[in-house]
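Single-structure report; data block below.
When the chains are written out, they are named A, B, C and D in that same order, and each has its own residue count from 1.
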């Protein structure tokens, strides 16, 4: 198992009058090379949950393991460096973390913090630049000259350069145009499939969840309220609507067709191509 | 013309907010004096050096005043308004005229630091007697020294990140 | 002024060049009209110049060539405040347009600028907050609000001013789905109730679908102008234009790949559904009309 | 609590002057009574005030010690070593300074706890109005101060986010000596300043779009009202001042 949460609870400002519980008894496992999507409203505890994964926040109760690392309430900061290299974090609007004078230096910043020699890190930076779809001519430019979408790619390259085995993504496509969104999601999918990265994705985009995730966790008020495959979660649009969550368009569309007597022998389709598959299968011949 | 002013006014306001936010958030303990240093000077000096004067004096005065109010020492707020305001004013005025690291940054900051240390010596003496004034000096020296070092590094980084800043485009 | 009342905004041959000489023109030879009470969407991928266009309409950028006429007033440095008085604008980042220290202060900001007397301000602020459902939050500081709530406060600020034109510059792009839907629903109501002219710059397919007409900007040029159905009929090419492909178009393409030929042109969800279940039932019996709200 | 913030600011300032004028036991007793009365009126628990003193305890002790050791000669000499004398004057002065600390800290804690920062800022701006006559753009300063305050939580939030992102990239904040800490601050400060520049640009455009021309031609939504209870405080203050002046003479 890549990631295991065991009864993890987290309280902000514990032991003060302002204490507010943000995570409550969360237990969850993600298999090796898994792709987990975490969905839920703003303030449901999604961000708190993913910050446990590299111990930016440590659980106040329970414990979690990420591959060979175990994080408990008493884990000390001295033990964290290998973990932080192992778990790469792409925060919302990650372009705001760029600060070096050249793109190459910025990408090399993380690896150097984890002990890589400068020359190696700079060479690695050039390599990462092409990974995220920018060519090597960008290396010596200032990040300031780039467009927002390009800056985000550089920031992601900076995280990938640390060679994480787990990649945590907090709404990585927010604010991008549809084309940028699609390219970005395809990049993560490639990293997942080709390099075997375990991916944890926090998102509001149900279409992306339906298309890419292998496992979905639904958070509400700090609790894990439902967990399963996309088919299990999205196969029940009424439950999603009752929880004020969006239903993928294809599922919505398929459910409307059900009212006209159309049946879905392979379960409610979640994407346009799955829907087309099932429709084609029952299409009248001739 | 009015447009130009508005941009500068808002820039000064947001930089003051940044200085206040940093000072309240990041407090680095100095075991040697049982005191601590904040990033207040870094905010004031950086704003003053990059954007010159109305910005420098405002960021100094406003952040000095509000930091005291927000952190629960309002008895100092009027003194801080004047002292940090003067500090920002001096750094901005001197940095504005010269260029280069030492003459454009370090010397103006030394002058501003002198204003701050002497200012608080006088204010503390007035409030609590000259021994208290003397007692304020070592902590304040560390504070301005730290501010000076971080500012040099920060201004260098910022102007490399965005070369337009070194031309003082907003000034 | 009276003979030109059919257009509330007229843009003729507009061009803009960023001060940095090395860059290409951000806008080049853009001309179009906007009718009173119309909802116009402007789409284009990031960096296409559509936000520049919005700012130019409000006199926030000194365009280098062309004319902009708003409500019969030709935009110039002398008339810029007259023009701005007719336009309310909401920008992308909710945090960077919230001026007031509290919600009510922020709603009052525009009124203060117009020197509205205080007793009138009190009633107009209260009414505007009520209109957007933010009355409970009147005394709150912006840092305690969600992005969606901040944008609703921005909308309240505009409701209080009652301008003729509302420009949304990617105003929903940083919001979560709930915030986006609430905001869009509110704008639709205002558009209907107050005959507000709406110009929305967007990537969001739902927002674009609410429009009467869509302009497509690419590389600073106006490359297309049509009703949403005609624009949406372009299927996969919409991605290049900075729009999502509508679901029905994705489904049509997927069906096509599987040897099923859907009707040509853009289909609404309802049309697509109807065609599908009728084709599937494939009986000669007259199908009953589907009942959709 | 419900006093006009302008009044509170002025009162606090005059109070500090009052503390200066006090020069004997009786006047200090009057001041203590006055302060405790104000605290009672505020209905804030005394514990809060004591908590405000704790961080300053080193400074207070140091000052009191110095005062004790280096006071001008006079009165009875209790203890003598080299050039250090502990005299009667010294002890009395040290006692006065100690009380001065307590009084000023208590009063300022009272001001902080009972007044919103926004009100203090508004109050300050309002008190500066007379400066208009010497061409100080008071209304502009008030606007700027209010915007600065409004952005403090936003930027704190952003600083926290950037710190998290850089921690995830292997930065250790708050570790090592001063020099190392100074260096580790750059990955936080550079993005924060760049973002502040962007925000300022966006905000000034948004303000123009909302019809802001300059600070002179505006009406005011937020106003401060001077009430009867504000006047009452000044009467009380005057009584206190008179008592202390009498004590000084006496």
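In this section, a residue touches a chain if its C-beta (ideal position, glycine included) is under 8 Å from a C-beta of that chain, and two chains touch if they have at least 3 such contacts.
By chain, UniProt protein names: B = Membrane protein; C = Energy-coupling factor transporter ATP-binding protein EcfA1.
Note that the coordinates shown come from a computational prediction; the quantities given were computed from them, not determined experimentally.
J.: Would you mind checking the shortest number of contact hops between chain B (Membrane protein) and chain C?
T.: 2
J.: Which interface, named by its two chains, has the most contact pairs?
T.: After counting contacts between each pair of chains, the winner is B-D.
J.: Distance-wise, how many Å sit between the C-alpha centres of chain A and chain C, to the nearest whole number?
T.: 30
J.: Averaging only over C-alpha atoms, locate the centres of chain A and chain D and give their separation in whole Å.
T.: Whole-Å distance between the two chain centres: 45.
J.: Can you check how far apart chain B (Membrane protein) and chain D are, centre to centre, with Cα atoms defining each centre and the answer in Å?
T.: Their C-alpha centroids are separated by 18 Å.
J.: Indicate the whole-number Å distance between the mean C-alpha point of chain C and the mean C-alpha point of chain D.
T.: 47
J.: Quick check: what residues of chain B (Membrane protein) touch more than one other chain, meaning two or more?
T.: In chain B (Membrane protein), residues 157, 161-162 touch at least two other chains, as defined above.
J.: For chain D, what residues touch not just one other chain but two or more?
T.: As it turns out, chain D has residues touching two or more other chains at 147, 149-150, 153-154, 186, 190, 194, 199, 203, 207-208, 212-213.
J.: Going by the contact rule at the top, pick out the chain A residues touching chain B (Membrane protein) in the complex.
T.: 99-101, 142-144
J.: Show which residues of chain A lie in contact with chain D when the two form their complex.
T.: Those in contact with chain D are residues 51, 54, 56, 77, 81, 84-85, 87-89, 91-92, 94, 96-99, 109-110, 113-114, 144, 158-159, 162.
J.: Give every residue of chain C touching chain A within the complex, in rising order.
T.: Those residues of chain C that touch chain A are 45-47, 92, 146, 173-174, 176-179, 203, 238-240, 242-245, 247, 250-251, 253-255, 257-260, 269, 272-273, 276-277, 279-282, 290.
J.: Going by the contact rule set out above, which residues of chain A touch chain C in the complex?
T.: Residues 41-43, 147-149, 174-180, 182, 204, 244, 246, 249-250, 253, 256-257, 259-262, 272-273, 275-277, 279-280, 282-284 of chain A touch chain C in their complex.
J.: Spell out the part of chain B (Membrane protein) that touches chain A in their complex, as residue ranges.
T.: Going by the criterion above, the answer is residues 157, 160-163.
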